[in-house]
Each structure stands twice: as structure tokens, then as C-alpha cells.
Amino acid sequence: MALPQRQTDIGPPKFDKFLPPVIKENYGQWKYHEELSGGTMVHVAESGAKIWTVRCASPRLLSTETIREISDLADEFCGGYLRFTTRHNVEFLVSDESRLQPLVDKLTTMKYMIGGIGDRVSNIVHTQGWVHCHSACTDASGLVKAIMDDLADYFTHKVLPNKVRLAVACCVNMCGAVHCSDIAVVAVHRKVPKIDHANVTKMCEIPTTVGSCPTSAIRPNPKDKTITINEEKCMYCGNCFTVCPPIDIHDPEEDGVAIVVGGKVGSLRTDPKFSKLAIPFFYNEPPRWPKVVDAIRNILETYEKHAKKHERVGEWVERIGWERFFSLTGIEFTFQHIDDFTFMRDTMRTSAAFKY
Amino acid sequence: MALPQRQTDIGPPKFDKFLPPVIKENYGQWKYHEELSGGTMVHVAESGAKIWTVRCASPRLLSTETIREISDLADEFCGGYLRFTTRHNVEFLVSDESRLQPLVDKLTTMKYMIGGIGDRVSNIVHTQGWVHCHSACTDASGLVKAIMDDLADYFTHKVLPNKVRLAVACCVNMCGAVHCSDIAVVAVHRKVPKIDHANVTKMCEIPTTVGSCPTSAIRPNPKDKTITINEEKCMYCGNCFTVCPPIDIHDPEEDGVAIVVGGKVGSLRTDPKFSKLAIPFFYNEPPRWPKVVDAIRNILETYEKHAKKHERVGEWVERIGWERFFSLTGIEFTFQHIDDFTFMRDTMRTSAAFKY
Amino acid sequence: MEQEAIQELIYAYSEKMSGKKKLKEKDIIKKISADAELDKDVVKKALRAMIDVGKLMYSYGGGASSVEIPTEEYLREKGMIK
Amino acid sequence: MSGKYKTPMLDELEKGPFPSFITEMKKATKISTTAEDALGQLEKSYQTKRGYWKHGGIVGVLGYGGGVIGRYSSLPDEFPGVAHYHTVRINQPSGFFYTSAALREICDIWDKYGSGMTNMHGSTGDLVLLGTTTDKLEAIFAEYSSRGWDLGSSGSAMRTPSCCVGPGRCEWACIDTLGLTYHLTQHFQDEMHRPAYPYKFKIKTAGCAVDCVAAIARADLSIIGTWKDDIQVDQAEVKAYADMGMNIQAEIAEMCPTECLKYDGGKITIDNKECTRCMHCIAKMTKALRPGKERGATILVGSKAPIVVGSLLSWVIVPFIKAEEPFEEVTELIENIIEWWDDNAKPRERIGELLEVKGMRPFLEAINVPPQPQQVREPRKDPFFFWTAADLEKK
Amino acid sequence: MSGKYKTPMLDELEKGPFPSFITEMKKATKISTTAEDALGQLEKSYQTKRGYWKHGGIVGVLGYGGGVIGRYSSLPDEFPGVAHYHTVRINQPSGFFYTSAALREICDIWDKYGSGMTNMHGSTGDLVLLGTTTDKLEAIFAEYSSRGWDLGSSGSAMRTPSCCVGPGRCEWACIDTLGLTYHLTQHFQDEMHRPAYPYKFKIKTAGCAVDCVAAIARADLSIIGTWKDDIQVDQAEVKAYADMGMNIQAEIAEMCPTECLKYDGGKITIDNKECTRCMHCIAKMTKALRPGKERGATILVGSKAPIVVGSLLSWVIVPFIKAEEPFEEVTELIENIIEWWDDNAKPRERIGELLEVKGMRPFLEAINVPPQPQQVREPRKDPFFFWTAADLEKK
């Protein structure tokens, strides 16, 4: 069968083709919104027109079968209109109030997880992990599933002091939001890569391999047509493995994940913040990483108990001080916590005032 | 005449030889103090014993004649006891209340400047300048005299929101407190040093000269037995001049001073802070640097007018934001203000929230 | 080893490095104690004795202190030579 | 459903309330053996605690340099279905709005040529089709592009721009995030599809400082809506919040970072010139408070992930710029910014990293933006600043 | 008084209320021609806007490597009186306490051999004698040392320690600053007078977090007094402050950085475990509030001026250590700290700079101090942390 005529540089379809009529009519004219439940809200326009949103959790990795199922639901209740959020949830856009409760009921019977709106845990931003990426040092989707199963109540109904944004990065490239999340997991290697010299000689371009190392830890060994790694300098980033697989960064017994906390993105109240290291390491324990799940719950519950209303995790920690964060959560403070990277000087305590 | 027998490594005389009896008796047993005036205070011990202090301004550069005069005053009113402060003021230590007012009266007739206690401007920490140092890029003592003459009222009686610590550094070595002062002056060069190659060859050790440059801007020129300076890298620090005077960093027409603000040392309320650049440059205008004096008064008066009680200059600026500091003081913001040094990333604004 | 012999080693080394590298006390002590297999404190004592009588002197330049062979001017000022 | 492989560990992940990606992969096995072998290899990863993917070589569609990520199994004999396992990035519609018809169209083509698995969406914003083979790429592209769907971007190129829902469904949008993102995506088609930059360049647009698209943290060029005039206050609604039991003093006034919002028990007053437009009060009292009317955008530059010298958040470059159709001013500014970066960056140097190396001055001079205190959180601390010959001439 | 030189610009600086250093220099002309030529050369500097001093070569007293700063005029023919213009540093008594007799003794010797000019005091703390010649140095040293005054320090050595007035006249002193400084000065005599370190090393001791000696900003090793238990509150005095018109709520409670101090209109209550001992409330209400009784010191390391990589403030190393006579624990800790620095630093590398290069871990391990959250303001941001073989063995 002949293929249709390809077109180039046409860009995406224009979004307005996909907007429900009520949005088209009230575009940019919204007046306020109201949260109706953990997963439903209504936006009201200057004109008085309304659009209801029902938000459902999504694993992000969706089969076409599920996408079709969602499409059918949109047809039945939303005139065919829906969207996804920047955190990968599905949002059904209801223009007819009488279809709202029936949609919610149907989603409930179909075991969709409704929630993520308001001061709650929403979906976890994450990326490929072992599902698709050569660089992965853990599996993102599995971790997300395990954590979200545990925190399901905080997604569907339980209320926190403010939104809590979780993220998982499956390696230090951090293809997501880990560097500025309330609580996040980042996978880390802990050992200098092992070199299979025979295969390096066979398979790798030496200059490219040398050039791939961000810390200049790799030097060429022209005599043996291979490379050597300066262990002092290597920070286990795995870049070399990307360009030269015989340099194996993976060590199943020593790879694992760290937990970082206290980041945020919005400028509300306080400036956006980077996440900081809370727990330097857990071994990978597939399929459900129980220690990681427990550690996150512990941090979340400590926050829930001690933070003021509207305080994000990072704002709470900065108010009480990191030394108190460690004592309240019972997390051990280690050498790994102390910044020895480029910006050590801005993280050390330069004050005689601190809590014990 | 034969010299007395030298002794080595005896260290200083033990301080307790110089403590007035009331201090010896109540050492470490002080209960509280009261400010009595801009330059007098009383400390009260658990025992009820009291010691009165009268603080006078000192130019720090004292002739032996003046030291003898001070000693005579101490004999007359203080049983011979006195001390100097960490900011170089003189403190007469009065143990007998009946001698307090007579001392104050006598100091007043002798034109001593009594003050510097409490929420005021105290003496300016400064160092050698043209009086003694080869590295000086301005004169410290002259600047101090000019500024303090202008701010005399703030030393003797006028009250500010909190203490205001001033400092002057006569070059970027900053042999004082400029890097953490409320308002301070630091002398800066602005041009790459001029090289007198013939004399470099004659007078300087090339390796030492090359090694003296903190930014590695100096390279040897072995052919002509001299050195060359990479203009891109030179930050006009003058270190090379120190080891090799034919590399002349001084340029009378382009040397001058910058004003920095907002530093503090104590841990009260907020962490100690570095001073930040307020005004990048004024030409040296001896003997009285009128523009510098005016600029400092402008900053001080703006602070006096807008800060809350107990706020130090840096605390006030951080509360209102630096953008507001510049608009309230009317100081122009220039490229020089933007950090392009090692720690640029921590000084840029990473937030969508700011004032216009 | 006699203190005098140690001092000769120290002096020879200082002379050798003169104009090449500014030696700190530590450099000399490290070098001589290694070469002659001596205890560092012994070398330090010998070195200090030399400094005390002006055989060697402390110098300062470019922000750092070092130990050097005294200049004639220094020896004259200290009354070591006429 | 019994698959080709035993997957006891993965099966564990079908339990529990959160929707299961394993269930999704299993559903896709009805479409393709790719999904089956993906499950098999993933089970092996779970068992052995390591991945088995190899870096992609060069795969793509004719004429384009991006939009497809090559991926190969390092165990092709064991899992032939994922010997090739490439990803296709389809450029999402701004704001991730779809109709059911559009989604079915996407699915139909993908079921025909691919694994039946997707990511809705990739972390940059693309609609990601997960798992196909090199020989299918041209067909996939022809099918999609003929129906109005183009590829997104990858590699050293302008990356697929994305944005928050903005005026589509948000009362705080100060700029038309959807329109601007569509405009920029169209404007930079060539730069997106033909990687000619030193490294990746990402643009994200948020309608206000709440930043629901993490523009300030995940984009080389962050566009954030804001306003210039006064916050609009509806005192009747203020009272309504108080009546509903909101502690306005504690929750709003005391949390206003500038102390410029005061509540006297009845009314809210705002000293607007001291307001930083941080959005806190507005976000928590949406019925009572609204952004001002004179609207535009703040342009920030430089955020990125931690490799190599630590993460960066974006830096304010232009505090306020008009951003209305046809978006000329913003587009020109962005072009200038990219031009400077493109002219000066080493390979694999993001603009934030380049700025740290070069300093702000040459950049601001090149894009013709004056220094402003809004660009810094605080001025420099050190006395080592530079002067140009021109500076010295100014007396 | 008519001097050897016309000094019209300097004469300007004799006007005005603040005591004049020019007047002081003129007074010294009665003692020496040095002062006269110093004035002459200074007038020239004011006229031409540049200095005329040359770097000191090697001057000092036999056996010592410091305590004298060599200085030469670069215009010796024009100003022969300052051809040599060396500075002698006399080690001040702790806390800058003197008797008139002691000061006269200092003056008598100085008038005999020097310029008649001093600095009371140098910025590190020494009593500085300003302006003498090489041939006078041995005599000056013999005269002073025979009377119990030793030289201070200069060069790559332990620098003269200094401290705040502390228990001598301050109700907040948590440690004996004067005693500890005297002890350390005596303990490090050899290291002070014989420069064997990589670079300068300064110690400053403050009795509390108010830090009236700028220890945290101007010392490689900062010792700051603190306490462990509860702030002592005298409620009657709290009431007295309120009666005197102090706004305790605004001035104290709202300025308490941890919000741990509460005022109910009558009494102050403090949640002491959340108190950071910042000293604000105590400093502003000295009659009502006092430091706790279990006292000791916080040890911080590393502050310095900006050359080369920007100023540093000191970093907390040991949050709390006992510091009482005979000061054994503190002395041993300081010795260990210096030993690590001395073993690892390059020439001209201060300990703060070395720590930035090496990181905290090797240092803390060497001095046997465990990692503690009190040492950091916040933990690291990046995911690039290191593991030792020993770390990996711990399961």
C-alpha cells in the first residue's frame, strides 16, 4: 500500500482545534475556580460560563488501548474533549454539569484514581528507567508505582499543608524535575566504572570516550589502545558508558537511589529552590523498593505534622532549619550530605546561631 | 650604653596585671549594663559593683604624646586604668562614680569626641593607606577623617535603627572588616599595570613575579627576560607590583574607591553577611573625598529613614530587596554590580517575583 | 649525626636552592631528614640553632615567609660581620 | 493474560490503587511482540537490578536530524522483539489539549507500525511513541505528517516548546501561553528539526509566577507571565473568605513576603509598588484578588539539570516585556539570545553554563538589554570587577 | 607648628570634630625627623594621588621570622627620614587592657628608638609601632622584651591572637576570652615567631554570638562562646522593659529568627530547644534575659579577605566544646586543625581555601570530628557525591 505524502516542518496541530467550545468562548476570560473534591474542580468565566475538570492519575506509560478507553469516556461525558497535565495526569473537561457526577461514578467503578488537585500529592514526574533508557540506574515506573500506591490517600483525598511535588530521576541526567521537587528520588551509581579493555579497544573511539567525561577523569592509554580512569576524579556519572558500553558503570549490587527534598518551582512567598540531599542511599530493591517508600512516607508525615498551612516542604525546612529536619525525621547525617562540589561555600554554616 | 638582656618567646604581659580592681573582683560576674549617653555606659555586677566606661574616638594613629595625655587622664580619673576597643576607640574605665562627670567634662573641654556606644556610628576600622603601605590605592586615614567629620553627630548622639559599622580598605587585600561591614569603602585599581620592561629585567625574579599573580595572568617572556600580562585575565589586584615594583599598578588618574554595603558580623537575628557592591567607583579626591562622603551620608540617611528598629543595614536591604535599595538611594545600577566572579550563580535572581 | 654535620647539609641545600625556590622551614626539614634519615625534630633543632646565630635567616616576600642564606647587609646589621 | 515470559516481579506491580504501567505494557502485547519482549527484558532487569539497553546510533527520518531516539537491546538474541526499540517524539498540541478523534488517530497509526505503548507525555512535552524499528520510521512519519502531526525534537536543537494551560483554563494567565508556544514552535521549525545548535535549547512558557510548567527550572529560556499595575481587589469577596473561616491575617498577610499586603480585619490593602507579584495572595484567594491589567512577561535564561556543574535555575534577563500577538518583540529577543549563545558556546554547552563562563555583560550588550537590579538577587560581593576602555572614558 | 614641609592638603585634615591623624603626626615631629618626612611624603601622595612606599625586604630580629614589617620609601633622596620606615608589632595584652604605667613604658622606649607614631592597634590586634630603621631593631627588641613585652607576629605564621573584652566587662561572655587568648598566645609562641606555616593563621575569640571582635569574618580559627541549656528569664525585668515603653512584641518576639520566643503581653516564654542562641533578645533586653549556664564554645574555621577567590566567613566545625581552664580540649582541637592544614596546604593557601579544595570529609576525619547537620546551612544540592571503599562495606 502506498504511503501518504509526507509533509515537513508543519509543526503540531494548532491547539484551538482541540479546545471545547466553552473554552474557546471564554479563552483568557476566566474569573476564578473552585476545588470540588480531591480530583474535581470548576473554573468560572467572567461570562458566568463554567468548565468542570476531573483529574485522574496516569502511569504516563499508556497503551493505545487505554488511550482509546479514555477517548471513549471523553466522548461519553465531555463532548470528546480532554487534556493531559504537565505532570502527566489526565483531565476530563466537562462542559455540562449534569455529566460531572456520572463521569465521576463511572471512573470510580472503572477503578480510575481521581485526585491530585489542591493541597495534595499529585502524580510523580519521572522518566524512562529500565523501560527504555540505556543510562538508567533504577527503574522509574516501578518506583513511582510503589510510592503512589503507598501515598494513594494523599492523592485522592487527604489534605496536606500545600501541594507536594514528587519526582523520580533514573540517573543523574535528571530528565525531569528532581532538582526542584518537594521530595524526589534520584538514582546514583557509587563505583568507578569497570573497564573491559579488550572491548574498549575493539568498540570505542578513544577521543570521543575521553571527551565524554565531564570531570576529565578519563585519560587515553595510546600504548594499549584503551583508556584509564582517575578514580579520584570520577563522580560515577556514567557518561563514558553512554559512548563506550565496555566501560560498565552499572553495578547491580552497589547501584541505588538517593532522596532529595525541599525544592520548589513557583515564586509564591519564597524564591524557587533546589532540592537538597536528605538520604544519600538505598539499595535498589525491586519490585517495590520498600525502604524508599517508607522513607518518603516518613518525610511526608513529618512535614504534614509540623508545617504551617501553605508552607511547602522546603519552606518548612528552611523555617525550622536543616538540623531540625534531620532530628525530626530521624535521618542520619553523613559525610555525603556535606557539599564538596563547586558550591560548598554557599552551603556551609557561617553563623554561630544554630539549633542542637 | 649596654642594652638590657633580650628575652624570647615570653608572649605579652598577662592581661590581669592591667585590670582595675573592680573588674578583677567581678571578672565574669557581670549582670547587665546601661547606656548612659552616646559615649558612656555602666556595667553592673552580680555583687552590685559597677564600672563606668567613657568611650572616645581615636584616629588610631596616635603619637606617643597623645598616649601620654590619655595616660594622664586615666591616672586622674580612672586609677590609671583604660583599654582600647576592637574598633580602636579609647575606653576610660571609671571605678568611682564621682569621677565620671568630671572626666566627661574634662574630655569635653579638651575636645575629645565622646560617643560610639549604642545604636550609632562607631569608629571606622581602617588600615595604613598612603601613610605606610606599598600596596595602598587610596589613603585610609584621610578618608576616615573626612567621613567621621561628616558623621560626627551619629557618633556622639544621634540614634540609628542599630549600630552601623563602617570600614575603609586601602586596597583589595582588605586588611580590615570591609567584607562584612554595614557600609564600607574599598580602594580599587581599574587598569592593567604598566610594565617597565627594562627594570623588570634588572630588578625582578621572573618566577616569583609569575607566581604572584592570583589569576595566572602573567606569563614569562624568557626571550626578553621579562613578563607579559594577559589583559583579559588581570583583575588589577596589584600583587605583581608587590613583588616587582617596575610593574606599576598605580594610576593616579584612574585609581579610586568603591562603596560596599550590607555586611555584618554578629549572628543576631540573621546570619553574618558579606558586604555587596553599592557604588563601583569614585575618583580619589584628597584631601576630603567629598563625593564619597556624600554618598555614604546618602546611604546612611536612607537607612535611617526606612529601616525598622534593630535592623542592620543589610537586614533592611534584604527585607526591601536590592532593587528597592537602588531606587531609594538613587544609585545607578551598572554592569560592575553584576557578579561575574566565581559565585555568579548565587547572586543572580532566579525568581519571577521582584519589585520594579 | 653531629649537629654541626646536619647544619652543613642544611646550609648546602639552602645554597643549592638559593634563587631557584623559596624554601620554607618545612621544605628543609623534610628534605634533610629524608636524605640523612634523621628525626625531623633533630633537623628542626639544628636549623633553629643556625637561625638563632644568623647562619640562616627568615625572609618574607610576596606574602609568604621563607628561610634563606643571610645577605651581607643582614649580617652586618646583626653584627655578624664588620 | 499469560505472556511469553514469566514476570513474577513485574506482576507484583499490577497490585495496588495507582494505575499500573505493567498492566499497560501487558495490554500492548495484544498489539505487538515488542511489548512482550519489553516485558521480558524488564523482568530480567528487575531480577538482576540493571538495565539492558544500548545507546542509540543514528536513526531518523530523511531530512530531519531529530525527533527519533534510537534504542537497542544489549540482549537482542534473548529479546528479539526489542532488538530495535526506538522512540518517536510527536510534537504535542500546546497545553496538551486533545479531542478523542485526535487521540484515536494517533493510536491507529501507532498500532499499525509500533509497539502500542506511549508516554503521555515526555518530560519536555512531546507525545512519545515508545518502541519501533528503524525500517518503520519513514512510514510512521509519512502517516503522521500527512495528517497534520509533525515530529518533535531531540539532539542539539531547539527542543519542543511547551507551556501551562494558561488562558485555556486558568484565571491567572497573564499571557497567552498556548498561542505564544504555538507561535514559537512554528517559528523555530527549522531549528527544531535540523540540529544546528551547540546543544539542546528548551523554551517553556508559564502564564504566571506559579509556574505550573516548571519553566524556571527546566528551560534554557523561561517565559513567565506577570503584570505592572495593581492587584485587583474585590473587598466583598475578601469578606466572604473571612466569613468562610479563612485566617486572612495568618494565611495571607503574614505570608506575604514583602509585608506589603495588610488586613485590618475587614479589608485588604496592598502597597503595590512593594509587591513582587509572587502570586501567593492571589493563589490562595482567587475570588478576591486578581493580577493587574497591564500584562506581559518576564524573560529568564539558563535553567538546566545538574550535569556537569550543578543544576541551574533561570536568571531574570528582561523584567517585563509585552507578549501579545503577533509576539514580535519576544520573538526578536529570543532570536538575539539564541544567536549570542550559538555564536559563543562550545559544543555541549548550555546557555546557562556559557553565561557563567562569560559573565552577564557581553551577553546583555549583545542582546541590547541594560543592566538592571531586577536581574540580580544581590550585587557582587568581591572587589574584582572589570572596566572597559569605554567605561574609563566616562568621567 | 611649622614643619619642614609645606602640607596644605594635610592641613585641611586638621579641621573638624574627629581627632586628626595629621595632628598626631605633627605631634610626633617633636620626637623624630621620621614623622616630619612621613608628613612630607604623605603630602606628596595627596598631591599626586599615589603612594611612595616600597615592599619590605628582610628585616627582623635575630632568631625571629616575624613581628617587624620592612618598609622603604621609593623617594629616599627626597624624604631621607623615611628611607627606612619599618613597623614593629608588639603583642597587645588580651582585651587591649592597659595601665597608664604600661603605656608610658611603651612610649618611653619608642620615643628613644622610633618615630613617636603608633597604631593603637593594628587590625589583627597588635600594638603597632610605626616607623623605625633597621639598625634600631635589635635594641628595640631588647628594651621591650627585657621589660616583659614580646613581639607579635607577621608572615606565614600563627598570627597574634585577639579577642573581645569578654568577662572583663561584659555580661554575655560565655567563655573566658581573655584567659583563653592569653593561653593560646603563650602556647603558640614558637609558631608565632618562627614562620613555618604555609601562610598566615589567625585566631580570634568572641565571648558570644554578638562577636565584637569579628572572629567569624577575620580569623582562620574563630572561637565563639555559647551555651547549651535554657536562656535565663527574669519576668519582673520583662515587665520593667514593657513599662519603660519597649514594644516587646515587635522588637523582640517578631524579630526572633526562630519564632521560639513568645510574649503574651506580660511574660516571655522561650521554646529553648528551637532557640539558635542568636543573642538578639538577650542583647536588646539585657536585664531580663541572660545566656544559659552550661557554657562552652563553637569552633569555626576558614574566614579571610577576598584575595583570591572571594571572602570567606568561617564555617562551623564543632558546634559545642567545653572551653575552661586549662583549655586542654580546645587546644588539642586547634593543634589537630592546624596540623591538617600544615600537612596539606600549598604555600599561600589559607585553611578556608584548602577546605574548599579538599572538601570537609578528609578534614573532619583527620581531626576526628563526626559530620553533623550543625556544620551546614543546607545539605548539598547535586547528586555527585563520593563513597569510600569503607562506606560501601557498611550495608
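We call the chains A, B, C, D and E, going by the order they appear; numbering starts again at 1 in every chain.
Rule of thumb we're sticking to: contacts are C-beta pairs under 8 Å (C-beta built on N, C-alpha and C of every residue); 3 or more make two chains touch, one makes a residue touch a chain.
What you see is a predicted model, and the numbers here were worked out from it, not measured in a lab.
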item: Steps needed, at minimum, to go from chain C to chain D via contacts; value: 2
item: Intersection of contact partners for chain A and chain C; value: B, E
item: Interface numbering overlap (same over half, different under half) for chain A and chain B; value: same
item: Centroid distance [mean C-alpha coordinates] between chain D and chain A, Å; value: 13
item: Chain C and chain E, separation of their C-alpha mean positions in angstrom; value: 31
item: Whole-Å gap separating chain A and chain B, where each centre is the average of the chain's CA atoms; value: 50
item: Two or more partner chains touched - positions in chain C; value: 22, 61-63
item: Touching two or more other chains - residue numbers and ranges from chain B; value: 172, 174, 179, 237, 239, 242-243, 267-268, 271-272, 274, 341-343, 345-346, 350-353
item: Residues of chain D whose C-beta touches two or more other chains; value: 209, 211, 216, 257, 276, 278-279, 306, 310-311, 313, 377, 381-384
item: Chain-to-chain touches, reported pairwise for every pair that qualifies; value: A-B, A-D, A-E, B-C, B-D, B-E, C-E, D-E
item: Interface residues, chain C side, partner chain E - complex; value: 22, 24-26, 48, 51-54, 57-65, 67-68, 71, 74, 77-78
item: Of chain D, residues touching chain E in the complex; value: 306, 310-311, 381-384
item: Residues on chain D engaged by chain A in the complex (per definition of touch); value: 9-10, 12-13, 15-22, 24-25, 27-28, 30-31, 35, 38, 42, 45-56, 61, 63-64, 71, 74, 85, 87, 90-104, 106-107, 110-111, 116-121, 123, 130-131, 138-139, 141-143, 145-150, 162, 164-165, 167-171, 173, 176, 178, 182, 185-186, 189-190, 193, 209-214, 216-218, 250-251, 255-257, 276, 278-280, 283-284, 286-287, 290, 305-311, 313, 377
item: Touch list for chain B against partner chain D, complex; value: 172, 174, 179, 186, 188, 190-191, 235-237, 254, 258, 260, 262, 274-278, 280, 319-327, 333-356
item: Chain A contact footprint on chain E (complex, rising order); value: 208-209, 211, 216, 224, 226, 228, 257-259, 273-279, 298, 300, 303, 310, 312-316, 319-320, 355-356, 358-361, 364, 371-387, 391-392
